[in-house]
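The next block holds one structure in the form of structure tokens; read it before the comments.
Chains here go by letter, A, B and C, matching the order in which they are written, and residues are numbered from 1 within each.
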Amino acid sequence: MSASNPATLPIHPPHKAFSPARILAIGANTLLELVRLKVFYFLLIFGLVLIGSSIFMINFSFQEQFQMLKDISLGAMSIFTWLLAVLATAMLLPKDIEDRTLYTILAKPVPRFEYLIGKLLGVLALVLISTLVMAGLFAVVLYARQEIVIAESLAQAGREATPEQVQEIVRGIKASTFTWSLVPAIIAVYLKAALCASLTLLISTFASSWIFTIVTSVAVYFIGNIQSIARDYWLAENGGTALTKVFLALVSLLFPDLQLFNLVDDIVAGNAIATGIFLKTAGLGCVYVVVYLFLAYFVFAKKEL
Amino acid sequence: MSTPAISIRNLTKVFPIPFKRERVTAVHDLSLTVEPGQVYGLLGPNGSGKSTTMKIVLGLVPASAGTTEIFGRDSSLVESREEVGFLPENPYFYKYLTGEETLRFFGKLCGLSGPKLRDRARDLLKLVGLENAADRRIGGYSKGMLQRIGLAQALIQEPRLLVLDEPTAGVDPAGSREIKDLILEFKSRGITILLCSHLLGQVQEICDRVGILHKGRLVREGKLHDLISVENQTQLILENASPELLARIEAEINCSGARLLEKAKPQTTLERYFLEVTQS
Amino acid sequence: MGTTKRIGIVIAVLLVFGAIRLPVERSLDEEHRKAFFRGAKLDLGLREQIGQGGFIAALSGFRSVVADLLWIQANTAWQNTEWGRMVKLFDAVTTLQPRVTMFWEMASWHMAWNASNWARDNPKQPSQARRIKAQREYFELGRLYLERGIRNNPDKYVLYDRMGLLLRDKLKDHLGASQAYAKAAEFPDAPGYEKRFAAYELSYVEGREKEAYEMLVKLYHLGEKERLPTLLARIDDLQKKLNIPEEQRIYIPPETNQ
């Protein structure tokens, strides 16, 4: 270790105003910390829900079975990713402040915005991994069901079935299980969770406790789901009193329109989504994440620690 | 005249109280300078503005008025923290990381990477005496070990200034001794140290200068030695003095204008005695 | 700058952001609706049917799960032959998930086949006239489900196909059935038999036999794939009925009339 001799070069490289390496270090650390909290055990619950529901529905026609399996899986994915995003993010800042690790980190030459981005990236990575694992589990269970149903149907068709009919049966079954549009549906689920994570981060920068953060985030989520209804009423010709209009205007402008990301229900119903529309929706989601993150930085930048 | 390590000029910090009109002035028009290579003790009772001042120097809290600089750079700038290592009170690090991983994490935050970072981490672990615990999780560290890893983390980027908040609080005497020795070691290498502590005995042993804060104002400041020397008293410590010699000295004192205040056997400190007994 | 001031600025920025994204979101919403997303009308009427919890869940993006739960209840109701309750549940399910053709299909099937059969044989109803009337009402209910289903899914062939089947088998409306099958056949992904069925049904309609015959001949000439026993049998029948001159007839081997 060298003395503070001005002639000796210090070991640290000159300070960079923006360093992806710093962000990555914080992000990786956040991800590790969240993983150690054993949040992944809930994935077990997800798996059990899937397998349980697929067994429960044996008495229905195969079309109904696939329908319900897809609905329940994607619904569970929706709620788990959202819960994970909100809960993990709500704890980020309060935990670091309480443990004073925030001071040790910010006492290093780390700009506050890099700290925030790093933290958020850690949560987004966690949610991404969870989404991929759940999607994988879902695919496996769905595939297993599909194969069982194909075997049963072919057995029922018996030996007189022509190869053409066999092909038709198999094709019909496969068409009700996997469709490519499930991929944008899952991406939309992830984006909605990412939006909620970024929003929760914003709330946590000025919230007084993590309970407040969670409650507010949940409230915003529910209001966000009806924002489009409020918006339509506000902009309709025969609105209501001036007071109602003002109220509806505030709701429409302040809250995110989460219905735009609720694509799962309709995609599972067989709606394919055009790439153009999907890209626009995904782009909007990313804009939300960035705007909320930027506002979170704005509050956090001058926060007294 | 080299750039001071810390330069605080007319620092004032006012905190508004939510829902009330009055405000709390935590620091009032504080000015002090810490020269490079010094060990400076910042003292004061709880609520004196010590922590606030420290946080402002570290850029964690903005000042209401006045300036603070680290080696000539404004503390509100992120870059100024290149030169500072901070050990907070009761430090807490990520429990699931090992000692070495913790140092590597903080090193990355300072822009270090690769083999250079690895070597640096290992050197520091050796320096603070934690090389055997490098692969153990922080969750299993004792208080003394936590303080030492905290010191190592503060030094990861070879800063010229260390800010230590209660570095020996809650640590047993042996651990305390080790930390004090480390601080003196750092000092011998030219690192400036700003120390905040309630343990005045320890501050007395290692600080060159002290500043005493009270209710946000600097009430006393200066070389430690000058501040606590009692001006008009002299202390003689004799070895193997015979009773006749002592009688002659007393007689001389009685003839002069001086007064003998105390004649007793000097005591070793309880600390030294304890360490002798427990470490033999 | 105090925290309160900062929060004020955050709210102001959110309002501005809201104003900026307003036209974008409205147009995207419009595009979604055109692609048949957001077809579900979630209004207070629905809330009456499915209760508060279900309504909130439906709004929160769990429409499909709520629909499935109601569907399971409908299944249980079927096992208890509670036809009235089934109708209420079917209405709720199809309101929540209007784009799932299976729900419309099966609702229609339950009414026009299961319920109608039960009504016809209902031991609790001594008057046969009343029983037949009830049966006819269920046929109509089944047909209405398919009609509403088609309105919500004009881009799919399936419900037209089922309509054809219902009109043919239950309402004995060969003209209607033919038109339904013909509509189904227009879709690019429709199976091959739709156009054949359209022709068959048309061939049973008084006065349209010639037209049907021409359609069948055209299909015959498309190739081996189309020359299924039923097609050949119908051609044979019509040739005899319409007294087509021998030299213009298509030769149908006798076995096909089995």
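We take it that a residue touches a chain if its C-beta (ideal position, glycine included) is under 8 Å from a C-beta of that chain, and two chains touch if they have at least 3 such contacts.
Here the structure is a predicted model, which means the values were calculated and not measured.
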Chain nearest the overall C-alpha centroid of the shown protein atoms: A
Farthest chain relative to subunit C (centres taken as mean CA coordinates): B
Gap in Å, rounded to a whole number, between the CA centres of subunit B and subunit A: 46
Centre distance in Å when subunit A and subunit C are each reduced to the mean of their C-alpha atoms: 34
Between subunit B and subunit C, centroid-to-centroid distance (C-alpha), Å: 81
Multi-chain contact residues (two or more partners), subunit A: 302
Subunit C, residues touching no fewer than two other chains: none
Touching residues (chain side subunit A, partner subunit B) in the complex: 1-5, 10-13, 15-17, 19, 21-22, 25-26, 29, 32-33, 36, 99-101, 103-111, 302, 304-305
Partner subunit C, residues of subunit A touching it in the complex: 59-60, 63-64, 67-68, 70-72, 74-75, 78-79, 192, 202, 206, 221-222, 225-226, 228-229, 231, 235, 250, 252-255, 257-266, 268-271, 273-274, 277, 280-281, 284, 287, 291, 295, 298-299, 302-303
Residue numbers on subunit C that touch subunit A, as the complex places them: 1, 3, 6-7, 9-11, 13-15, 17-19, 21-22, 24-26, 28-29, 31-32, 35-40, 42, 56, 59-65, 67-68, 71-72, 75, 97, 99-102, 106, 156
Of all residues in subunit B, those that touch subunit A in their complex: 15, 36-37, 55, 58-62, 78-82, 84-86, 88-94, 96-97, 105-106, 108-113, 116, 120, 123-124, 127, 150, 153, 155, 157-158, 160, 163, 189-191
